[in-house]
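Paired with chain B in one complex and with chain C in the other, chain A is shared by the two complexes that follow.
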Partner chain A sequence: MLSRVPPQTLRILALLLVLFAVLLFFSTQVPNYLNGRLFNRISSSVAIMALIACGQTLVILTRNIDLSIGSTVGFVAFATGSLITNNPDIPPLVLATYSVLLGACFGVVNGLLVAYARIPSIIVTLGTMALFRSALVEYSDAKSITTNNLPTWLVEFPNTQLFTIGTFQFRAAFVVAVLVVFAVHIALTRLRPARKIYAVGSNPEAAEMAGINTKLVVFFTFVLAGALAGLAGFMFLARFGTITVVAGLGFELKSVASAVVGGVNIFGGSGSVIGALIGAILVDLIDMSLVRWQLVSEFWREAVLGSLILLSVAADAILMRRLVKWRVAREKKQTKSGVSS
Partner chain B sequence: MTHFTKLTTAAALLLGTAGAAWADGHSVSLTPGEEINMVLLPKFLGILVFDQANEGAQEAHAELGNIGELLFVGPTPENSTAGQIEIMTTSATQGQGAVMISNNAGDQIVPSAVAAQAAGTRVVTWDSPIPSGEGEDVFVAQVDFASMGIVMADMAHSILGGAGQMAVLSATPDASNQNAWIAAMEVALEDEKYAGIELVDIVYGDDQAEVSYNRALALVDQYPDLGVIMSPTTVGIQAAAKAMQDEGLCDKVRVSGLGLPSEMVSYTMNGCAPEFALWDFRDLGYLTYYTAYGLASGQMTGEIGETFNAGRMGDFTIEEDPGRPGSSRILMGPFTVYTAENVEAASN
Partner chain C sequence: MSEPVLQLNGISKHFGMTKALSNMSISLLAGEVHAIVGENGAGKSTMIKIMTGIHQPTSGAIKVDGATRVIAGPQAARDAGIAAIYQEPMVFPDLDVAENIFIGDKSSGILTRPAAQRKRARALIERIGIKLDPSRIASGLTLAEQQAVEIARALSQDVRVLIMDEPTASLSAHEAEQLRKIAKTLAGQGVAVVYISHRLEEIFEIADCVTVIRDGSHISTKPIAEVTSDGMIAEMVGREVGNYFAKAASTATDEVIFEVRNLTLDGVFEDISFDLHKGEVLCMAGLVGARRTDVALALFGVTPPTSGTVKYKGQTTHFTTPRDAIEAGIAYVSEDRRKLGLAMPMAIKSNVSLATLNDFLSPLGLLDRAEEDKVAHHFSDRLNIRTPDVETPVGMLSGGNQQKVMLAKWLNLNPELLIFDEPTRGIDIGAKAEVHDLIRTFVAEGGAALVISSDLPEVLAMGDRILVMREGHQMGILDHTEATQKAVMMQATGQMQEAV
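For the complex of A and B:
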């Protein structure tokens, strides 16, 4: 049966195994661990990172990287907060659209520089990461957005329970994030224009020869990543309420980690946003569990988090290789037996 | 001197008065109108309390009629430590008269601060000192660090009704002011009065809303009997209060610590954070400016025992820092404890 499963699905199965192992390990180490609360914590917290990791995945698929994504989230969160503070009557959808469009604008800057000025994305986004952050420092004028100035609907939105299964609460922010990730996944697997992203990432020359406008594709992935970061900024504002200039700091690396842990090839061309979603869950789970693991002191946590990420990626890679090998061996055996019969 | 120190501490603690005037001593009145370029260097840019300190410094700058320039420069948040060292070094090269720094680099700032002093730049710390005191002329302390410990212990005591579990949610692991306050609180907790309070954990939210928020929730999950989260940082206390409110935990776990009334008012009114404390950052910036101006213009020597007049805030005396033997400090005080009764008035 396993032989019919495509490699991407296999990879996700392997990831789920690792996720399960991590859960099992920490449940033996941390008291009051395995319960509905853990699910609620992780799901509410991962809602934001899932969107960012999804955007990051799109960019990585085309052999690029977006290091400015954390600064984009921070800027959009602040700008959206400041807009709604000054105009409390703006309807929810308009506000969310504003966030998405603003994020997309940052994506346009990155996209133009990478795709059309042909500057390597790591350099472009390293620059724009600092630029967007400094723009936020200037724009904020050392003020912060505070929860009391935000409308109730916005503050209550992320924690609204849509439905519950047992003690597992499914909250609006998480559901929205998962829906968005699935929508992107379906687009990537079913829609022709979206498939071009994989083509460009696998082999840019071949894609070019096949008549794909590779520049346009790269440009669009940056714009999409910016838009997703904008939506994440909206969610960030709703969840945390207080936005200072440090908002979203470090998200760029966490999103890359989520994507890579989720099996997205850092050299482009392969990976899925579902994988990135599970990667984000895994990174978040490890991070949150480490805080509660008494054995690890504050100063070692980053190191342990890094090691565990490496370990999960390694375990995932080894599992994958084993499975592929086993399958190849089985297929050979089958063809042999097929020939002999 | 020790007698005087005790007196000041006691005054700040019990009466809540600012560093009392030294009745017999001679108080230096600063001559305005000198030309001294100065740099006000916060932990990083974009945090409201540091901007308030800048407002206070600008007020003193105008008052003293300094013809020189007062620069408010700071690193971006992700680059705090390295950025502070760089700005310190640059200021010395530029021949600035004084650098006023809220140190976020621990003792890593020492070499650049020592070099700045050697180049003739006065180094005045405020808000957060240099732990070893090296490379620092004087520390302008917003509050006596030992009494800060007692205040936090007292707030926990009153919230917990005398007995229960407390956890600390701090800023970064190497923020010297927060570390000193937590250490002071641990000392205070040894008193019999607080025998019923158990300090179960200290975690760090890196002064980032999202990290602090998640740390606060992890604390609640880890310690089912937790009664209070003590957060001696304006970012942490606010994030923790929001987390408790979002999860509907406010009737079980209260939040306290140091917070800005304008950010905390709703949580105090709904009971999530019934008590918290803070001092006036404008005053802190104002006093720091007077001190730095006095030192850089040569009107003050910075020796222990020296008394000077800081404009509208009155007289202050340089004393030995009880928490850092061999270093000197100026004690500002007092702080205000905010409750449902006074928070609304203060938040406007």
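For the complex of A and C:
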């Protein structure tokens, strides 16, 4: 039965297993751990990271990386905040669209430089990470956006309870993020053009030979990642209200961590955004649980988190290798018995 | 006569100072199998790259259906109905077989329908005449299967010109025959097939006409009936080649250098036993899937065997890593140049010194680049590597010359036992003879060679003895006096066993 399940699905099942193991572990360590509050806190924070990790996944699938994504989130959050502060009458949907388009513009810059100027993405986005952040500092004039100046609909949006299951509140931001991730997942698996993203990451040379416009594909993933970061910026503004120049700092690394923990191959070609979503949840869960874990001091939190990320990736790599071997052996057996019968 | 589907008119292509093609003209007719032959570096690959839009000609015109057309890129080539299958398959390792086949497909809407796609894929694979599950992930496929996927991909598109570049180089005899059948069938359906092969017997079997090119220039185009094998070879090399198929005298001694007994790797191969003498060439013959490479990798320490004994120079050994084997004086020349053999972006000289870097240290512990240069030049001359200089990245050389660089890298180790895996796959007859001479010289000087080859004439010409494998089993060892093509094929296909 196990051999019928595609590797990607197995990976996600394994991730869920790890998620439960982590929950179980901390429930023995932290008093009053498993409750609705935990879910609500995680879901609120994951709503933002899931979108960013989703965009990062698209970029990583094509053998690239986007380190500027945190700066994009910060800039968009600030710019959206100042727009609505100065024009409080802008309708919600227009404001969200503005965020998405602004994020996409940053993606265009990255995409042009990576795909068409052929500069390695790690260099390009390392540069734009600093540039976008500086642009934010310049643009903000060292001022901050504050919650008081934002319209109430915006501040209330992320915490709007759409529905509740027991003590689990499903808030608007989380539901929107999950819906977006699922939409991207469906697109990636079922849309023909999306298959090209995997093809380009899997074997760029062969993709070129197969008549795929690899440059356009890479460009497109950067634009999409920018757009998703833009939406995340909107969510960030809505959730925190107060936006300073350090908004979104460090998100780029956390998004890469989420994707990699979620089973996205850092060398491109394989992985899913659902994996990245679960990866984001796992990283956030561990991070948040460590705060409440008495045994570990504040100073060690980063180290423990880092080790856990390494551990999960290593375990995943080893298990997957085993699985592939086991399957190959099994297939051989089957074909052998098939021939003789 | 009808209008040619594709025509090159006086095409020249220069790369800097190098003239890859000069004034090349060729006409491809619908329904015809047009063979193109030439030595390594003759310009075949460049010509294909121009036809498929990867390179743009420096001068000259390309005509499609009689109208001059610029083929700006691979997509433009596909739009014109031109597809190519390469010697080294181009698949997407992370996608499954069906997805690989239909990656560029535009015919069936924006949504993918995996079930329908697999069904269509299965139909195409059946046309090729092999068994392959369309839902398998491509990274686990053999070279032959990957190639089948590529062929199916080309079949899935409406090809009008199908370029096959050494398509059978990595296929077994049976698969190669299937492929030739497909080439003929497609030609019968009105496709213009360009067939590039170093196996001359194939060309006589399927080609309608043959074009010989040499040093980037067109030498001749003749109907197959007017061509002889000797004449073709003479035109290709511009000189007479020595008797390539003749068996060289054996230099085998009585001293056993390598004693293998009941070597088994569970589920892969079992009970492989043979002796290898000093001065001897032992060939391993068999069809694709015979697991010959797996035996070689086990001997070389890449995948240690599960049971069996190996004695090397009288000592029982257990190599568990390639390093152990290399230190003991064993070298393995891989069949997959790209993956296991060469660092493509690195210079020839850096590749040659790679396995023996410790020998190139100056007293200060720095790399002695002058020495590196000297050694690289030595091999470049000895192996007749055609290159402007030894600083040239290996990736820019032709396949045959890459193979020679790989040989240089391992010969540089002064090994006592060389394992060659398909040493002449995809290289031309001139270079083949050179490689054979090198192997002969190597064993005559006291080495021993284990040669895996799917090329039967080569096996018969090289092997002092021939070990035949079939699906992980040793079928027998033939002495060169009793070995014939038929005898080897009987064992390789398992017909001997049924007769008993």
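Definition applied: the second predicted complex is superposed on the first by the 318 of 341 C-alpha atoms of A that agree within 3 Å, B and C clash if a C-alpha of one lies under 4 Å from a C-alpha of the other, contacts with A are read in each partner's own complex, and residues count from 1 in each chain.
Note that a residue touches a chain if its C-beta (ideal position, glycine included) is under 8 Å from a C-beta of that chain, and two chains touch if they have at least 3 such contacts.
Predicted model only: the values in this text are computed from it and were never measured.
J.: Once the structures are superposed on A, label A:R322 by its partner contacts, choosing first (chain B), second (chain C), both or neither.
T.: neither
J.: Going by the contact rule set out at the top, does A:K196 touch chain B (first), chain C (second), both, or neither?
T.: The second partner, chain C, only.
J.: For chain A, which side has the bigger count of touched residues, chain B or chain C?
T.: Comparing chain B with chain C, the partner touching more chain A residues is B.
J.: Would you sort A:V246 into first (chain B), second (chain C), both or neither based on which partner it touches?
T.: So A:V246 only meets chain B here.
J.: I'd like to know which partner A:N148 touches here: chain B for first, chain C for second, both or neither.
T.: After superposing on A, A:N148 lies in contact with chain B but is clear of chain C.
J.: Just to be sure I read the superposition right, which of the two partners does A:F236 touch: chain B = first, chain C = second, or both, or neither?
T.: first
J.: Between chain B and chain C, whom does A:A206 touch in the aligned arrangement: first, second, both, or neither?
T.: Only chain C; A:A206 stays clear of chain B.
J.: Shared contact residues on chain A, chain B side and chain C side combined as an intersection?
T.: none
J.: So in the complex, which bits of chain B are touching chain A?
T.: Listed in rising order, the residues of chain B that touch chain A are 44-48, 50-51, 54, 76-78, 173, 203-204, 207-210, 213-215, 217-218, 221-222, 224, 235, 238-239, 242, 246-247, 262-263, 265-266.
J.: In the complex, go through chain A and note every residue touching chain C.
T.: Residues of chain A touching chain C: 7, 189-193, 195-196, 198-199, 201-203, 205-213, 265, 269-270, 324, 328-329, 332-333.
J.: Which residues, counting only chain A, touch chain B once they are in their complex?
T.: 30-32, 37-38, 41, 45, 48, 130, 133-134, 136-137, 140-144, 146-148, 158-159, 236, 239-247, 249-250, 287-288, 291-292, 298-299
J.: Once bound in the complex, which stretches of chain C touch chain A?
T.: Contact set of chain C toward chain A: 52, 54, 74-75, 77-78, 84, 86, 90-95, 99, 103-106, 108-112, 137, 140, 153, 267.
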